[in-house]
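Chain IDs A, B, C, D, E and F follow the sequence of writing; residue 1 opens each chain.
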């Protein structure tokens, strides 16, 4: 039986923080599924196709990383994908409170699914997609905050 | 003089977390007024009539629980209802920071009104209305997260 | 059946923060028992007799406030005293995390005991007994931080 | 070389909390630039002109306080204004987590810019613009929460 | 190459919280080393021999769990044991802040070592060894808070 | 009138975190007084003479940095030194809660004294003197965590 993890998010856009978590978690799992949630209630900033393409490009050399789009509950995606783990990065204690609620509810819905957390590295702790969008909107240079090869042009 | 408490919220929808707080607080007060805030700026997910009806149904056997809809400041509702207490449940420390701000401002506006907090029980700490809506929207089963008799059908 | 609350602490020394919580909680309960924990493992700064006498003096005019010393678990004291409530003040979110752990464990040991929280008033949020002891030890004037009549002399 | 600080915000509306931070920080800097961010994505509650006029009125007697409107990144405004410091008030630990992220990203973009924090005074800790708007919308009296002379009429 | 994790602590005493984390993490690793830190500066409550024996007893049926005592840095133990992972349970956001500091410093000392976190289950969130010791010292029944078979007698 | 700041601590030992705060705050003040608190109740790990000498050595080239030892309240030291500011570094939100309490009490004792906070840089956020002592005690290499020239030998 394989150890498969789902790494869910909106990746709007993927940041070097996401990239670091996935790469560091790879030795722990047989496969990591990067799962882009399609949320009908929240409009995304970058189009879904772009967001998916950026992630695929970043992980092209990593055969054990797969990218999917999903519209159901994360735990239902896990079941469908035979994934026993949800992978998450932890940045701040505000993050933690939020993640704990989600993780505990997920576990109540499917006892066998565990959420596994890695820490963001210190120099990436301040970073999230929302800050990247803010900088982008205000005409700042976001290239240092997204993985190499992600071409967010002005 | 009676001890009356107002339990304010949007109850969109009522959860087993709300239900537990109200039932556990009942011995402490002569009456608890469950007060559904009508917020013109934030659209609710479930219609007001449904939200009210669910709460009335859950507390039908409890003569000392009353359900009202209000559109003013919570402290003004308290004055009108001759309630000296605002009842709130505490789940996480993020909750606490938010509740403290509201509680202290309320007290600055009406010195005599106290906010009284009970803890959510551990197995309900992760739960809130927003998570219930998310599960519902994604086609999950919410029946374990709302009081018995609340018929949120798919 | 009466509503009795235990307000436990080491009161080393009692502060205006404690005083404020007790006075504001009095209308909610029939009796409040201020319970000084005698901890064999932690040496107190002020002698037990002094700490008890200060509290008795502050609440002498309040017939529904009682002062006791105890050496057992707080929930066992509650049972002995027929108290269904533990009263606590909440200052900061660090406080909250700690109080939540204690409150939930107490509830696991005795299902019927509820912890009821009031907020400290804003101007008293920063205050605790440990800060008062620090100021005292360094020769500062603590009179504004302890209830009127508490004569902590230099 | 002068010490210039930028105090950024949306000031929707300015509160006595903002006023207190600016006045208390004045001895530390040669000039404080109150910078109203014009955010195309978030609709403000009060019109920009009103928000600007209120601040100008409050600080009319303070020659070292200047008011500007900006639409770029805060760090870019700093460079343009030759300001080495960003001034911020800290209220709660939720605030702190947020401010730390912003502050660290700002520093990554412009190494030489420091964020300097002052504490809100205890009685103003609970206050922010969003609470003032809520009270205003619900017909409450906001005059005690905004600086003298700010005429938010009902 | 095997995935080995170290689960460090003082286990004074082991709780059902520790037990739950280790059992739930077992499918993720090839071996988990429960490592009891011998701290010359902090006196333990229960003797080292007892603490070790209790853990060995609980995990006797689990061939992939090993128990060791160590006196060096946790990262140095990892290197000696060829463990690439440190396993930790997360309970509260206070926990998280502390664990993040330790985790980040460990990573600065040995780049290749990752800390992996699992959440405590909701009903165990309030529990830690210090609370168990408190209950024990006060003559309370700790049997529900420690793994089956751990015979902490009064 | 000059802007003088006191930077209080036990500096047991001084870390690169302390060093960074002081150097970055220097342009903001005319003088920074590094003040080593002599606490009769808490035994230090490194001798006072050593701690003082290390700081003097690090800041020898900085004429506007002064090192003192004090045994009174920090606010009383400020008055004696004619310092209107207390300088502090902020690392985590746990730090913040603690610093806010101290800062607000200090302000209640001496209205004119402001506490000014700078953020630690991300890569130093995890670091504090207690972690350095732990590493040292366990035979680890602390040289990267203390300023250049501080010779903590094994």
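Just so it is clear, contacts are C-beta pairs under 8 Å (C-beta built on N, C-alpha and C of every residue); 3 or more make two chains touch, one makes a residue touch a chain.
As the structure is a prediction and not an experimental result, all values here were calculated from the model.
Think of each touching pair as a link: the shortest run of links from subunit A to subunit C has 2 of them. Of all residue numbers seen at the subunit E-subunit F contact, under half occur in both copies; the interface is built from largely non-matching residues. Legend: contact pairs of C-F compared by residue number with A-F, B-E or E-F; the interface matching in over half of them is E-F.
Using the mean of the Cα atoms as each chain's centre, the chain most removed from subunit B is F.
Per-chain Cα centroids separate subunit A from subunit D by 33 Å.
Distance from the subunit B centre to the subunit C centre is 29 Å, each centre being the mean of its Cα atoms. If each chain is reduced to the centroid of its CA atoms, subunit C and subunit D end up 39 Å from each other. Contact of a single residue of subunit D with at least two other chains is seen at positions 92-94, 97, 100, 103-104, 122, 125-126. Of all possible chain pairs, the ones that touch are A-B, A-D, A-E, A-F, B-C, B-D, B-E, C-D, C-E, C-F, D-F, E-F. Looking at the complex, you find that subunit E touches subunit A at residues 3, 24, 27-28, 84-85, 90, 93, 96-97, 100, 103-104, 107, 114-119, 121-122.
For subunit B in complex with subunit D, the touching residues are 40-41, 71-73, 75-76, 93-94, 97-98, 100-105, 108-109.
Residues 92-93, 122-123, 125-126 of subunit C are the ones touching subunit D in the complex. The touching residues of subunit A, when paired with subunit D in their complex, are 92-94, 125-128, 131, 135, 137-141, 144.
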